[in-house]
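What follows is a group of structures, each given as structure tokens.
You will see chain A twice below: alongside chain B first, and alongside chain C after that.
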Partner chain A sequence: MRHQVIIAGLGDTESALEDSRSIPEMVLAAVQTALADAGIDYGAIDSVVTASVDLFDGITASNIAVTEVVGAVMKPETRISADGLAAIAHGACQIWSGAYETVLVVAHAKTSMARYQELTQWAMDPIHVQPLGVDFLTCAGLQARLLAHGDAGADRRWAQIAADRRGRASRPLAPASSVEEILASKPVALPLRQGMCAPMGDGACAIVLRGAATGAQGPVLRGIGYDLEPHALGDRDLTHWHGLERALQRACKTAELQRAYAHFDFAEPSCLFAHEEELFTAAVKLREDTEISADGGLLAACVPVVAGMSRLATATRQLRGAEDGGRRALVHGTWGPVAQGQVVAILEGTPL
Partner chain B sequence: MRPAAIIGTGQTDHGRCRDDVSQPELIREAANRALADADISPADVDAVVLANMEMFEGRALPELWVGEGAFANRKPCLKVATGGTSGTSSCIAGFHQAASGLFDVVLVIGFEKHSEGHTQTGMALTDPFWDRGVASGALGNFALSISQYMAERGVTREQAARVAVKSRRNAAMNPHAHLKDANATIEDVMSSRVLAHPVRLMDMCPQSDGAAAIVIASAEHAAKLCSRPAWIKAAATRHEQPYIGDIDRRLLTMRTLRDAAQSVYARTGIREPLKQLDVAEIYEPVTYAELAWYEVLGFCAEGEAGRLIEDGITEMGGELPVNPSGGVLCANPVGATGVIRVAEAAAQILRRAGAHQIDGARTALATGYGVYAWADALILGSTP
Partner chain C sequence: MMREESIRIPFRFAAGRAGSRMLAALRDDKQILGSHCPVCVRTLAPARPFCPECGGENLKTVELGSGAVLVSWTDMPGRGLFALVRPDGADTAMIHKLLGQSGDFHIGARLRAVFAAERRGHIADLQGFEPDPGSAA
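This part shows the complex of A and B:
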């Protein structure tokens, strides 16, 4: 029997187009909130897993910048360069292995410090693709073009998704807009328009994972699964998120759930572009009563790297707030061009 | 903690410039060798952990492009990047993943292609407010600490030179090593050019192109797939404060490595490391550091490291051979360097180390080091 992993505490900074604090200052705020939420102090942390990407931060080993504020001095710290939810996956593995009981997972990024999309070119195949100036946005545009082919209503549907999501957010990083305004917004990689893309900002998120033996209370991380698709766009079926299907299959296996019968009350997808929400729902085959992106999701406010962890934070709040407690949530993260990396987590609330 | 074991290792032939291969091809070379050594196929791999410092090649999220070379396509794959300890920390990450019950077989691959970037530039991209203007990288940091070390412990240039000679002589028996010279002399080292006083060229590790891989299996699979697996008996990581000035006499005290070693020794019943360990593969970025680590790792008392090297205790035929592979001084593809330490320690237990095999090796220590004084320590053994 695998140890149960509890989401014992969470803290995040409010996503902002530009957070005037330094990276360590942002992270410190998130960590202090998460520790207070879990009712523990730094001394209770056995291990830290951080998520960050050096080139986005402009620092070699950007976890050096946060070693002190995450409390990793004279402690184990592992830095995962991927979406924060992948760092959660590794933190859970550390508890499941029996190595540690309490793991602090932290993700951070500051897109205001650099031109994010231009930096993403440096993640593309440097021999065949990068010289063409292709970045993650271009890749998403190519995918959207493929999906819209022969589908005259696609751009209006995507505009509707973006308008809905942004409309339900309390503080979106891009102003709420109507479908018509989104369809008239600046073309960025046609058929994608500015209004269909997640607005990028700065932020940090910290989550405390604890083994059940600690007596911690909170939603249970039942399953984790992740996947890396091939890099070359031509090697992939861009009309489906097969990587997500595989990741979910693995997560269901970990959670000992039958994939075909797994129902989710809440889904928190990481959709950087409106068309990705259609890819998400097709891949996970949600029932109609599943609530998607309760707080507007990434289409309202997105901090790269933090993205999947911010979804976990939202799902945790949903489960904590659910009246009967015993609900299930699907949390999703991606990284790389057209979601090359996919990660999902299955969370369950504690029945009251 | 559930047990897990290393059942195969593979390395590229490391060198200054492997311009015959791309990064994914370099990785594939190591991966193929590790899978062949473990006698398994790519389909048997459940998950992949990569290690690399992307700024050294000027890349972002390199696993996206090189994943195919690592047999990671359509599989769970994560990249660990923690500076110099990336390699050892990725091995520990693979260990935790295999022990978690999530995966049966995990392939860990570290790689670096320094020839495609500029290492000093990468290393200088530190704290923009306090460190970047100094741009000291590894060398300046070591030079400061080593001067303190020599002054306090009486270590001599000649004793340090003996470490370089041992390293190159051992490397001559290692087909994968970058720098090898069976005939290197103390005079060669002491007359090589000064990089930053007191560090000379032959005291310092090189920048190499290379990749290294290990195959880790969960306990049940390890027993099935390998007649004599190298069991990972204990692992520990310690990180440190980032500013050089915050830790007095950092190289001497190296409290992170000391604490990590004490942790793994305690969990494996090691009280006298010099006697109880059969072999050690330690991450020595510079000759003087190997001497300092002898003291920190408990191989000798403080101030006795010079005697240890002079008496040949850590030579191939000595009581505790240290770095039979030639160590970091003879091959340093940073993301791979820590994996090489673990792979070499595992190969000794697996009895597959070839010409630099230590007869009867049953207990091995592998360590990792990063310039910010981060440390990893692992104990491998022939029994679970």
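This part shows the complex of A and C:
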């Protein structure tokens, strides 16, 4: 019998183009909020999972800079160098297995520290690709061109998606703009323009996962699944998010849900480019009444690594605020060039 | 307060057996190499040490053509044009540069490889791909 995992506490810093705090200060703020939200202190934490990427932090073993503020001194800590939602997956497994009852999961990144896109070149093959100056934005442009081939309305639809998402955010990192303004915005990797890309910033997110035996209240993390595509772009079918389909299939299996009948009231995709939202909806085949990106999602404000965890935080708030409580959310995270890595989580609110 | 820093550390990346053959062929013969997987019955570009599909190492090195088909491309103003190109004889595409103006290209266009005059066993020995004027496609 698997132990039930409850999302017991949330804390995140407000995403900013530049957060002037140091990384430990920023992380501490998120952790303190999450612990207060869960009604616990550091002593209740059995285990910690952190998510960070050394290249982004300009420091190797970037987790050791936050050991103290995440309460990991003399505790088991695991670091995941991928999206924060993958760190949630690892934390959930620790509770499902019965190893621990309370797991703190923390993600952080500060894109203001360096030129983010330039850093992503160093995630590419060092013999065949990196020397050419290819970065994640190049890869996204190559994917967008394939998708737009023979589809004259694609760029206008993508501009519409970006305008809609940014328009519903309370504090977007890029100014709200019209479809026409986005279509006229700076070309960055044509057919992609600046306005179709997620604006990047700084932030941290902390989430407390607890086993049901602790008496914790909150939405239940029912299922998790993830998947990796091949690294080389030329080896992949860039027109579909096959990895997401497989990840969702696995998540449904762990949640003991029939994929074909699983309905989601809320979906929180991680879309770094507007065309990715079309790949997301095609892969997960949502019903029309599913609410997507309630707070504007990453197209309004994106902190790498924190991204998928910020989606989990938003979905948790949606479930907490739902009148009947008994709703289901699909949460999504990605990492790597054109979403090489895909992770999804299935959350359910507790019926009142 | 901010401390400004620029991290510059020299590195040496081993190209491996397949990568070294590929780079040597670019340098010495102006030739792009691929690998044929007899299990998956497909030819991969560029040459690989193992098949990413089945994991098999029993790959046969094959010489690919200097002609290619444009699979996709992107224009990054100030940085040039990048492309996914499928060299003749290959079943998969590789990333490289496009030489020319944005308006010269369309998906499915025929291309030809352009090699540097001075070559040193580096992926940039292949300068990129340009439109093939000898082709009507």
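Methods note: the second predicted complex is superposed on the first by the 352 of 352 C-alpha atoms of A that agree within 3 Å, B and C clash if a C-alpha of one lies under 4 Å from a C-alpha of the other, contacts with A are read in each partner's own complex, and residues count from 1 in each chain.
Assume a residue touches a chain if its C-beta (ideal position, glycine included) is under 8 Å from a C-beta of that chain, and two chains touch if they have at least 3 such contacts.
Note that the coordinates shown come from a computational prediction; the quantities given were computed from them, not determined experimentally.
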item	value
Which superposed partner A:A189 touches (first chain B, second chain C, both, neither)	second
Partner chain in contact with A:L238 - chain B first, chain C second, else both or neither	second
Contacts of A:G98 with chain B and chain C, given as first, second, both or neither	first
Touched partner set for A:I127, first chain B, second chain C, both or neither	both
Touching partner for A:W335 - first (chain B), second (chain C), both, neither	first
Partner chain in contact with A:R79 - chain B first, chain C second, else both or neither	first
Which of chain B and chain C A:V53 touches, first, second, both or neither	first
First (chain B), second (chain C), both or neither touched by A:N63	first
Chain C versus chain B, contacts on chain A by residue	B
Touched partner set for A:D295, first chain B, second chain C, both or neither	neither
Residues of chain A that lie at the interface with chain B and also at the interface with chain C	58, 126-127, 230
For the chain A and chain C complex, residues of the former touching the latter	58, 126-129, 131-134, 137-138, 141-146, 149, 186-192, 230, 232-235, 238
Footprint of chain A on chain B - complex, ascending	1-2, 22, 48, 53-55, 58-65, 67-68, 72-83, 89, 92-93, 95-97, 99-102, 122-128, 235-242, 255-256, 259, 370, 372
Touching residues (chain side chain A, partner chain B) in the complex	2, 47, 53-56, 58-61, 63-65, 67-68, 72-82, 86, 89-90, 92-94, 96-99, 119-120, 122-127, 224-231, 242-243, 246-247, 250, 254, 335-337, 340-341
Chain C to chain A touching residues, read off their complex	5, 7, 11, 13, 15-16, 19, 22-23, 44-46, 52-53, 71-77, 79, 82-84, 86, 92-97, 102, 107, 122-124
